[in-house]
Amino acid sequence: MADQNTLNNLLATVREGAPGLFGKDFLLTWDHGTSTLKSVLAAAEVLEHAYQNGKDARYFDGGLAISIFRDKSTRTRFAYASAATLLGMSLQELDETKSQIAHGETVRETANMIAFCARAIGIRDDMFIHEGHRYMVEVAQALDEGKKEGVLPYRPTMVNLQCDMDHPTQAMADLLHLSKTYGGLDKLRGKRIAMTWAYSPSYGKPLSVPQGIITLMTRFGMDVALAHPEGYDLLPETIDIAKRHAKEAGGNFTVGHSMTDAFKDADIVYPKSWAPFKIMEERTRLLRGGDAKKLDALEKDCLANNAKFKSWECTDELMKHTKNGKALYMHCLPADITDVSCKEGEVSANVFERYRLDTYREAAHKPYIIAAMVLLSAAKDPSAFLANAIK
Amino acid sequence: MADQNTLNNLLATVREGAPGLFGKDFLLTWDHGTSTLKSVLAAAEVLEHAYQNGKDARYFDGGLAISIFRDKSTRTRFAYASAATLLGMSLQELDETKSQIAHGETVRETANMIAFCARAIGIRDDMFIHEGHRYMVEVAQALDEGKKEGVLPYRPTMVNLQCDMDHPTQAMADLLHLSKTYGGLDKLRGKRIAMTWAYSPSYGKPLSVPQGIITLMTRFGMDVALAHPEGYDLLPETIDIAKRHAKEAGGNFTVGHSMTDAFKDADIVYPKSWAPFKIMEERTRLLRGGDAKKLDALEKDCLANNAKFKSWECTDELMKHTKNGKALYMHCLPADITDVSCKEGEVSANVFERYRLDTYREAAHKPYIIAAMVLLSAAKDPSAFLANAIK
Amino acid sequence: MADQNTLNNLLATVREGAPGLFGKDFLLTWDHGTSTLKSVLAAAEVLEHAYQNGKDARYFDGGLAISIFRDKSTRTRFAYASAATLLGMSLQELDETKSQIAHGETVRETANMIAFCARAIGIRDDMFIHEGHRYMVEVAQALDEGKKEGVLPYRPTMVNLQCDMDHPTQAMADLLHLSKTYGGLDKLRGKRIAMTWAYSPSYGKPLSVPQGIITLMTRFGMDVALAHPEGYDLLPETIDIAKRHAKEAGGNFTVGHSMTDAFKDADIVYPKSWAPFKIMEERTRLLRGGDAKKLDALEKDCLANNAKFKSWECTDELMKHTKNGKALYMHCLPADITDVSCKEGEVSANVFERYRLDTYREAAHKPYIIAAMVLLSAAKDPSAFLANAIK
């Protein structure tokens, strides 16, 4: 439970950075200034405090929080629902299979049709490379037009619940987890985080988590070591951003092809499977073309290639290379745990079990991160609202 | 934003007509007197004002707003969800695929089982001619019995979200759009509206929109010109009602078979595809019988017949025949737009784009229309409630 | 409508028994003391009174009420949604088909991931014998750990919405129905209730209703006569509990194989189909093994065996054997009604129609029973809260 002094500092941080998000969407962390990101983290902490202490933080008197999930989801779905109820909105999911969208409706039109009484729209669209973010931008532009032209009374806040480029609610929850673990964002400077690929028996996992981590953590002066087998590249654009951020923040960003090297002296490790972006591009093309035979062949090739890298598993042995052998293990969940959820996976049962509750705590921040993003976008003076809510 | 004088006039209109809806359902516009319809429109305007100005208009402290969608829906689904949150109800959808209804449960029983804590029930059942409205009446009677016999503490308000006969939330939103466009309901007297069939590459679209328009607009003294190719008749009952309404209101109602004639000097055009009701009857029979072969044949015949009328497209050329070449184009959306959502459709891209934002504004009224229907049915003195809400 | 004296007595009953449920789950009625059960019934009555009189009984300022339905459901689904809105929570269903659960996620993990902002979790898992209750216990333990380890700010209350052993929200609603019918729980002492098997054209219906009835009604000194054809045994454990409860409460519990004998002089009859638990065990094994052929054979055998007992139908003829020929007929609904929902079923149309509205009233208690379970688990002083709510 936070004391009053801590709360006052958090409210001051909200006050400082919140104007940067007022009236804006949260699609990519690199769309926003660092002080805005800090204000989101601070607001999330205050909202978490409010909920834990039974304080009513419903900013809205109703209104819809809309979600569009173009991929399966449990934890983000529930995190979004939680954020909605925290702020007093009613959740309404756009289930594209139950809608008339196939029947000639444009994105521009749908965006307006669902949004007459919406205050937030959260979208997950992470299946197709080069498309998820583009879709969100298309929705955002439609909402802008709708507001400008008097169709929509309010411009609902858009929140990216995972796209092909970034997974900002995850990366920001991860950052809050680190900040709370180490006692503040300033304590992260110089800390080494190994964001590495890891083996999984599945293929085609999104790239947005590693991309989100390398672009965000570099901003806070961390020493970010990305490592993956040859060919498992991320989107080049995000590599460039990570490099720039590292330079600007006086941190470090390296790309290597050895898990062991990345783990060396790491304070934090984040081993996670993903698909090579070139494969994702090919897959997107084949899916669009509906070529089932070639898709099968692609999957087979990929899995065969993946199988060459089964040694990319986060084991006790590997963990010994980290700082004092005690690096913090992170994962966005669900992890592919060897002998638990699969035969050979991203992490050994031993390592995972040791950090299991930490990964739960990491995930626990997401509802408040989402709520903070919406609140700071909707409220002119969110720190005053929060100060009043926790009184 | 409405000024106080306008708001007072709206509240007075609510006061006058609201008693006619108290304790009643909204299944067909012709079930209700004209002053009741006016009070629904006025209440919708006040609710819209309230929402736009951040006023809390939650009449209910919880309770369920139930929806039953027996056909796909985006905009009505979201409009209903919006109405629920505006009035403070929690939405709960009856998904018949997840229920035990197949397993021996009667309509009468289900209606009661879901309604113990319900304040509103909205139903879309527009697929089968002669059945949608009948089903709603069956539900309504079950609820009447449940209330009378002490099973239900409240009799939830039923709202027709589209049946085989009428689409009252659409038609009323359309009417509000016209009233706001022309500066009041009294300004509609004598205005010519062309409700015409239009070509679409699909078949089997419901008849409820044109039926809703001809029966409603005639009540306000409009000159309603219905036009469709030979054989694309509407339900005879609705034609009779439109005739009677036109006569009573001193308006005009004609049925013709030329789109050009209907457009001649029209102030408003509403070109939209629908299926001939005789075909819908046949289709209902075949669907009930499960005769897939005959259904395929019927669809093929229909589409072949439709294809003869591809010239029924709302083009710039055709629009020139309207009043000063500038009639207001209306559509319930989604429209089949030539070269946008299909190769050949109901409306040219040019015409649609010119009126696109108007059609969005037209749709924007629906949440408030639905909320007004529920409020006037549930509240003894809705104008007092509204006056207080917007203070 | 209850008078103030009645309400005061109810509040006193809540006060007395509520501490037994504070911080606990409601998974099986026999987990709880009799005074706790009485306090749940009393709180349900007060909540029913509050809702009927337009009193706001929202204990929570938001927060999620999560449901997990592993079997189809209408009435329990809506009862749970109703309870959520009564108490001020937002409903969020975990649809396992839309989640990533298949993809390597453990029950322990999912339970925490969905529960960060949850105040209640209701689960139906009644398909597999020996598994439903076990699953709920697994979820409960995960939530305990989550709360203890600082992952969850609140420990959400778990409510069993039907498992393989008990259907406590049904049995408690049934008990409230009896209490209100006869003027109090103490009036049930010595009353004879015939809980009997009945023929249905389907097979594989859960055993939880008869098990819930025999274990609960025996606690209140009733004369419980269980009857079923040879081989249609219930879980032995529940038979033992019923025997023990009857002994402790000075009531009676018999098991027989004649519907007529059970009906003899009965005050109440509850004829309902279920599957023999040995068959359910076999079915569970085969389903787990995915042996479709053997499953088909099992179903055929079962249905053939069922067909020998078509005479187990609740008819007017049979009702004549009951006390003055006027026993109260009960059913959890939907019933298989001869000539209504099937050719030959559990009950004749005549008998069912005579008691139809009674069965509706029986079902009407369920939302309040569920709400009472959650309230008494979450609130330190629920009687004070309720007293204030109905002021």
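Going in written order, the chains are labelled A, B and C, and every chain counts its residues from 1.
What we mean here is this: a residue touches a chain if its C-beta (ideal position, glycine included) is under 8 Å from a C-beta of that chain, and two chains touch if they have at least 3 such contacts.
These figures come from a predicted structure and were not determined experimentally.
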Copy-to-copy rotation for chain B and chain C - C-alpha atoms, rounded to a multiple of 5°: 120
Self-contact between copies chain A and chain B, residue sets same or different by half: different
Chain A-chain B separation of Cα centroids, rounded to whole Å: 41
Multi-partner residues of chain C (each touching 2 or more other chains): 90
Residues of chain B defined as touching chain A within the complex: 48, 51-52, 54, 56, 58, 69, 72-75, 77-79, 81-82, 84-86, 88, 90-91, 202, 333-337, 340-342, 345, 356-357, 360-361, 363-364, 366-367
Sites on chain C touched by chain A in the complex: 61-64, 66, 89-90, 92, 94, 98-101, 103-106, 109-110, 112-114, 116-118, 145-146, 149-153
